[in-house]
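So that you can tell them apart, the chains are marked A, B, C and D in the order they are listed, and the count of residues begins at 1 in each.
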Amino acid sequence: MLDELKQAVCQANLDLVSHGLVILTWGNVSGLSEDRELMAIKPSGVAYPQLRPEHIVIVSIATGEVVEGDLKPSSDTPTHRLLYQSFAGIGGITHTHSVNATSWAQARRAIPCFGTTHADHFYGELPVTRPLTQQEIEEAYEVNTGHVIVETFAQLDPSAVPGVLVANHAPFSWGKDAAKSVENAVAIEAVAEMAWKTLAINPNAPAVDQFLLDKHYFRKHGAGAYYGQSGDDH
Amino acid sequence: MLDELKQAVCQANLDLVSHGLVILTWGNVSGLSEDRELMAIKPSGVAYPQLRPEHIVIVSIATGEVVEGDLKPSSDTPTHRLLYQSFAGIGGITHTHSVNATSWAQARRAIPCFGTTHADHFYGELPVTRPLTQQEIEEAYEVNTGHVIVETFAQLDPSAVPGVLVANHAPFSWGKDAAKSVENAVAIEAVAEMAWKTLAINPNAPAVDQFLLDKHYFRKHGAGAYYGQSGDDH
Amino acid sequence: MLDELKQAVCQANLDLVSHGLVILTWGNVSGLSEDRELMAIKPSGVAYPQLRPEHIVIVSIATGEVVEGDLKPSSDTPTHRLLYQSFAGIGGITHTHSVNATSWAQARRAIPCFGTTHADHFYGELPVTRPLTQQEIEEAYEVNTGHVIVETFAQLDPSAVPGVLVANHAPFSWGKDAAKSVENAVAIEAVAEMAWKTLAINPNAPAVDQFLLDKHYFRKHGAGAYYGQSGDDH
Amino acid sequence: MLDELKQAVCQANLDLVSHGLVILTWGNVSGLSEDRELMAIKPSGVAYPQLRPEHIVIVSIATGEVVEGDLKPSSDTPTHRLLYQSFAGIGGITHTHSVNATSWAQARRAIPCFGTTHADHFYGELPVTRPLTQQEIEEAYEVNTGHVIVETFAQLDPSAVPGVLVANHAPFSWGKDAAKSVENAVAIEAVAEMAWKTLAINPNAPAVDQFLLDKHYFRKHGAGAYYGQSGDDH
């Protein structure tokens, strides 16, 4: 079972490269075991061309300790772990510094839902967290990055909006497994690029109407979905 | 005959990838049979790397029903079907979410004809539809997407302007066959990128003079065409 | 001799593709024979992946007639021919619709010399022609495109500024041979992209000082050149 | 020993190409020998596809003279040499004309630290030099380019900010060896692209808080580093 998970997480990390979402080693994907007790995550600072399944590190969700693997896990591991603990039903998390999404995070702006590309994946604007305080950064930076994400979703459903921009940092996304979290990272980067170009063309571009958002989102998600071969594409 | 059509439509879908026009599964191409009774279209939500001719779905133009193929056709099938019913002479349709064209669609702006790249392919500005109403979206979203495109061409010749931006959605293009509709999708994305950059450089850039538009368009299209090896490149 | 020229011109056309300067069939390169009596040019509307040396068309500079080759030459052939007749010493010409340079042409703006990348290749701003008149377009469009380029260089040395933007159209570049004209097309696209980004970052960015322009240009060109292995890199 | 250095410097130059940082021959990487007496540098104007370790030129740091190699060293050799003489501890230097970083250099603007991507590599804004004077350019252009960089770091630690923009020219970066200087060139291009897009999205975007800069920089650098497998990633 863990071998399959490590294989899937390794492949998901490599898919970041083929989708053009990572530069150097800036990015990581993790996946959760079926019993939700273990996460598999990329090792810290390892170059993608050398990444193989045996490098993937297994970390306990309960304790945060490495239970399998010779390498140190990603420095963002505490953020991943807190999100698995807080968001029921997610099974994979992706973090990148993809250029356009990171630019929105640096601008401290949520990405408005300007069209169906966005509505197909995110049910409403893609939110941005507040900046962390000095105390939060100095005391426990990575786990507090998770806390500020969770705080941002106080009034939001993380399964309907499977991603976020961390202010002055970069995007995180999630999904039912590692591969789906990568797909949502691809979607975030695409809507991020389309959104700033939309505003460059028309600074007064309006967000989509609520009924178009409903139509596109529920065409692909939930009981009434009819996109794809199996209905619910989520 | 249908085998040839499926092969051509499969190749046209794969060409979207090599031209950089699709992300994930966001795009589809269809082609019409010579007797204009059947359309061949990409199945819904199938990943491009796995797409093969036998996956292409055959749909009746008269009834909208699948007449051959094991997979569900693209969720945009009713839009394609209505365009084939409404625009005489077109034999292929392409829909993408290519980044720059989608940004114009999200900005709800027609793309002005700023130069000969545009004039070579589109005889005048590339129009944008009005947004669909709540009723149109809730009652029959995909076929009404077709209707709003047809409405936009009430005063336009779809063979002279072989493409459109659907407001808050993305571009559709068409041509005499599937391959030609892909070529027009490539042209839309190129002129979309050039047009916003033109405005970034000179916010007051004028559209081309009518006589330059006439020259370039008719150099490639119609009885007096002299571009390419066979004259009419359309 | 003509076989070598056709081979070189074919390769130069294919290099446009590897440098990312062409979309579909929008571009062409020609080269002049050593006796300056014949030009070799890409055939009209042929797809790049299929292009082979035997497709290259040989045209007489004196008469404009095809003297060798089964295909029609590029529709831009009269423009190339006039430039060979007018600009002594050039032996190759490239025409593309590369995205950033075309955006400047559509904006009807010369590209200011903002830095050494520009100064290394062009001794001063990259000029833009005036738009052609209705009469010029209707009577002899392609040859008049050449005339308006020549008019733009009335006070400029085409060997010191080996390229131009044709208003509402796209760039042309030239050099001692086909390969060098492609290199200048690459340089035009690069400085075009850098220039609009420079203005996006600082709308008041000044052009370089004359003494920096002199230094960089003459470091690579002319009797005092010391860049590259042979001194004069022109 | 010199063979290893030439191999490493050749590879670092080729890595510029795979990272998309060079166009034509516009860029060069050098590396210093362990005894800091010799530098290995790319030859001037040689095309990257042909570059092999035996083309790399060895230059004396003390005299500036070529001590090994048949080709002329890069015309930027005096700049590299002065930086090795002035910045203790650096062992590799990269110079590119990468598009986004060059645009900031042409705009004569330092790149603000807008996020953690920047803070991970550069401890504060990426500075821009003053323009060189006419006398500096005419008397000894390349070595004075080095002097103006050193002047810019009068109050800055070059190991904490391993790069600079030369006004109206382009970026230089450095590191403990040639490979690390290339990595910093990649980082400069990425933060340059993110920074102008950040400002396009929010013209009032603030630089990061000092405590976030401290956290991210010292997470990867110095005695308390915990990113990567070995702690200090510098």
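Criterion: a contact is a pair of C-beta atoms (placed from the backbone, for glycine too) under 8 Å apart; a residue touches a chain by one contact, two chains touch by 3 or more.
The structure presented is a predicted model; accordingly, all values stated were derived computationally and were not measured.
Colleague: What's the minimum number of touch steps needed to get from chain A to chain C?
Modeller: 2
Colleague: How many degrees of rotation map chain A onto its copy chain D on CA atoms, rounded to the nearest 5?
Modeller: 90
Colleague: Could you tell me which chain lies farthest from chain B when each chain's centre is the average position of its Cα atoms?
Modeller: Relative to chain B, the chain with the farthest C-alpha centre is D.
Colleague: Same or different for chain B and chain C, when you check if over half of the residue numbers at their contact belong to both copies?
Modeller: Mostly different residues form this interface, as fewer than half of the numbers used are common to both chains.
Colleague: Can you check how far apart chain A and chain B are, centre to centre, with Cα atoms defining each centre and the answer in Å?
Modeller: 32
Colleague: Could you state the distance in Å from the CA-based centre of chain B to that of chain D?
Modeller: Comparing mean C-alpha positions, chain D is 46 Å from chain B.
Colleague: By the touch rule stated above, which residues of chain D touch at least two different other chains?
Modeller: In chain D, the residues touching two or more other chains are 199-200.
Colleague: If you look only at chain D, which of its residues touch chain A in the complex?
Modeller: Counting only chain D, the residues touching chain A are 114-117, 120, 183, 186-187, 190, 193-195, 197-202, 205-206, 208-209, 211-212, 215, 219, 226-229, 233.
Colleague: For chain C, which residues count as touching chain B in their complex?
Modeller: 23-24, 26, 43-46, 71-72, 75, 97, 99-100, 102-109, 131-132, 134, 137-138, 141, 168-170, 196, 199-200
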